[in-house]
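Have a look at this one before I ask anything.
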């Protein structure tokens, strides 16, 4: 009968050689949830593959523990908050905000108490609850602070979306200009009457920015909302380690839009995006605000579908194989920054990088 | 671009170091099904990960074969029972209760007959069909015999439940006292007005028992059914290798409850529990009987939910990491017995172990 | 507590030793889709585990590319066909029928164009679109040509079915006689009043045939349609590398039925069967034609259920363990041919093999 092949061998394509742009940047702040989400019940989240549980202690301070009872490894998030402490649903062990075990019911007072559970650092600011992943080190600096949010004249809308793509893939997608004429055709840009603009890419050791010079006011629905009067637009896209996105548009003094995003890597191929949309516009905020979230969801659904297909293809081929052209303005730089941060590199002496090229939009 | 990580690496927590309390005890009797379940159709079951098929031969004797036709590897359980033999649904090969192939349709009478299939030993007793896993050895002794079932004055109810937990996790859960005040709060015990009782744990080479001394009659609904007159209760919890559980309550001469369970490991993290509830009580059996099964299912649903979450967490963390306190009366001993049996150890000379401690219930 | 076992070890049976009759024959023509399925939208298919996309170029010629955009690894099949070229849904990259990249939108005309994507050879003939898997070599000969389809008096019906079985398992199933009396009992044959017929098996280096001599006109519904007058039937079953099946029945001059099947291995354990049923019969074609497809689907549903159970059992046992008897006329030979083709062997000098034996039908 001849020889037989072992089961479950890789069938089909293998050209990707098992590499991906997944990066796991530890020792970094990621958004766990919105302030408004965390009330009197514990919330289960996953960050960098770690199950964690968020709750508020007796002073209302947000806390984050690894979501596993040290006794019998049941998720603490199945339990309840009692007097500002987290009680396990299985045997009632209790833990304070530092992860210390404060009570093992039925245990004799003379016996040795149960061990604690690892706590992650938490900071609540500007309506977001940030957790520091993971617990091995002390945060050297606070989380990202969103500009403009506290400024008069500016209005802010929060939003949460999620996609089955790596942090890198979601970041590149969110900051990529050329795909908008196709995936979101008609909404921002169209694939006709293209003319050249200049792109200036600047990378430091912790961020990369693309400046678009000579861009017309965006066409279509978004354009009409953003800048009814038309004119040339100032446009910047930025990525800041470990996962902050900024898309900034300005038209003269009257129109200013800053879409900030904070990416939380749930797992290698699942990423959550907390968006903070801040704007001042020549039209009333009460006209704009109700449109922001439905519009963002409509756009993001198109992105999420592509990101999911991309992840699936990468897995099928056993890795990714990306070809870059000049106009992939930020993706390769984001990958470089993530890789560097993943290795814990702090090359602050790294020289600033700048590149200029034309893009037809 | 820097180096890329291989796909599908373990992301997130790894503190469990890949160990679990899963134990695979071979050469042991496990319950396949209830007698009443096995009629004129074959039944497919899984025991220790092995697919087996149960059927009754021409004399009505229960039989158990590995559930794979040796011809083309189709499950024999898809076929039918004909003249006390099992006929494969694909090509009609037939097998007797010993697993011998008795017919290959269309085959010339002069040709060599097909090979047989492995048979497991079966014993039907007290309404349960036991199978001996696996087939490599002859059972040295019969399966567990349930006491009291055949005794006058005693009544018996059978039940089957299933949970996504290892045999060890299900056994520990079923015999654990402290969790009842939380997971089943109000039903047996409550987390208030606790007072100390004495616990005596005794372990031999094949079983471990916890005796609870000084316990009040259980409070709540169960207590009111078991012992309307109140008083001090005699209470024993026992684990017998490879997977027999006993919870015994006695109140004077009138009330006696023995809940026996036999655990069948379906797979590493799935366990079936066949329960035999035997009792005599001062209230009429016709009042008690209808309550037993609904109550047991209500309680077990709470346990099954926790056991499933526990298994999931163990898998996410790549292994388990249990912390024990003094009042984990039986779990560590059950693990020790299972490990020993898994290695085939028959340390009958092992000295009896005894330990006493206080528990606040 | 003793040692613990690693997680996710293989539990249960391992007697199969990890071998299966899965064969991956490369450098071969497989059917991608029916001609009628491919219109103005791209179609995604999987062949030998490779995702491919089919579309028609500007001349209407069927084309096949590996279904992954070289830019960001999104499936090209999510895009659209524009002027006979395939446009990626993400950034609008365009590819012609040869896989050449013809456009990267927004890219400056002076910049380097994107790379292309691998194209597979395609031939459209007799209503089927064949693709050559995979792309490493030039097809030395055209795909299988179906006899009789273009002949007067003959009528043809196309059909597609799919099963969760390996190409080998589906081929053996489709060409196996003994299972029909069981799995399709009453439709072709019955398990009673059996009498011997002679079987002649002939194998060359590229095909194997079983001739059935002395067979009565099939009984039951199919028999009544095929040969209302009864009589002895000429019956041949054939397998041609890499996955062509033929079941041929002839009754004198008036009745002639040739069921051809082309198997496409989607994955190791999933196979698609494109059937070409060609016949002339003493009853009018308009009476026969409407029956063919529903009848074929009815029969194949029974086969597909068994094939799926077979695959599942093989996976559970970590491999297959088949026992053959004399009347497994073709299965072992098909495996031998597939293994040989998988190794790229072209043993044209191999001597013809012939064997005769009795079968009781």
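Which chain is which? They are A, B and C, in the order written, and residues in each are numbered from 1.
The criterion applied here is as follows: a residue touches a chain if its C-beta (ideal position, glycine included) is under 8 Å from a C-beta of that chain, and two chains touch if they have at least 3 such contacts.
The shown structure was predicted, so the numbers you read here are calculated from the model rather than taken from an experiment.
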C-alpha-based rotation, subunit A on subunit C, 0 to 180 degrees, nearest 5: 120
Looking only at residue numbers at the subunit B/subunit C interface, is the share used by both copies over half or under half? Answer same or different. different
Just give me the whole-number Å value for how far the CA centre of subunit B lies from that of subunit C. 46
On subunit C, where are the residues touching two or more other chains? 314
Note which residues of subunit B are touching subunit A in the complex, please. 1-7, 9, 11-13, 176-179, 181-183, 191, 194, 196, 306, 309-310, 312-314, 316-317, 320-323, 325-327, 357-361
Counting only contacts in the complex, subunit B reaches subunit C at residues 18-24, 46, 48-51, 66-68, 70-75, 78, 87-92, 104-108, 111-115, 267-268, 314-315, 318-319, 332, 335-336, 339-340, 343
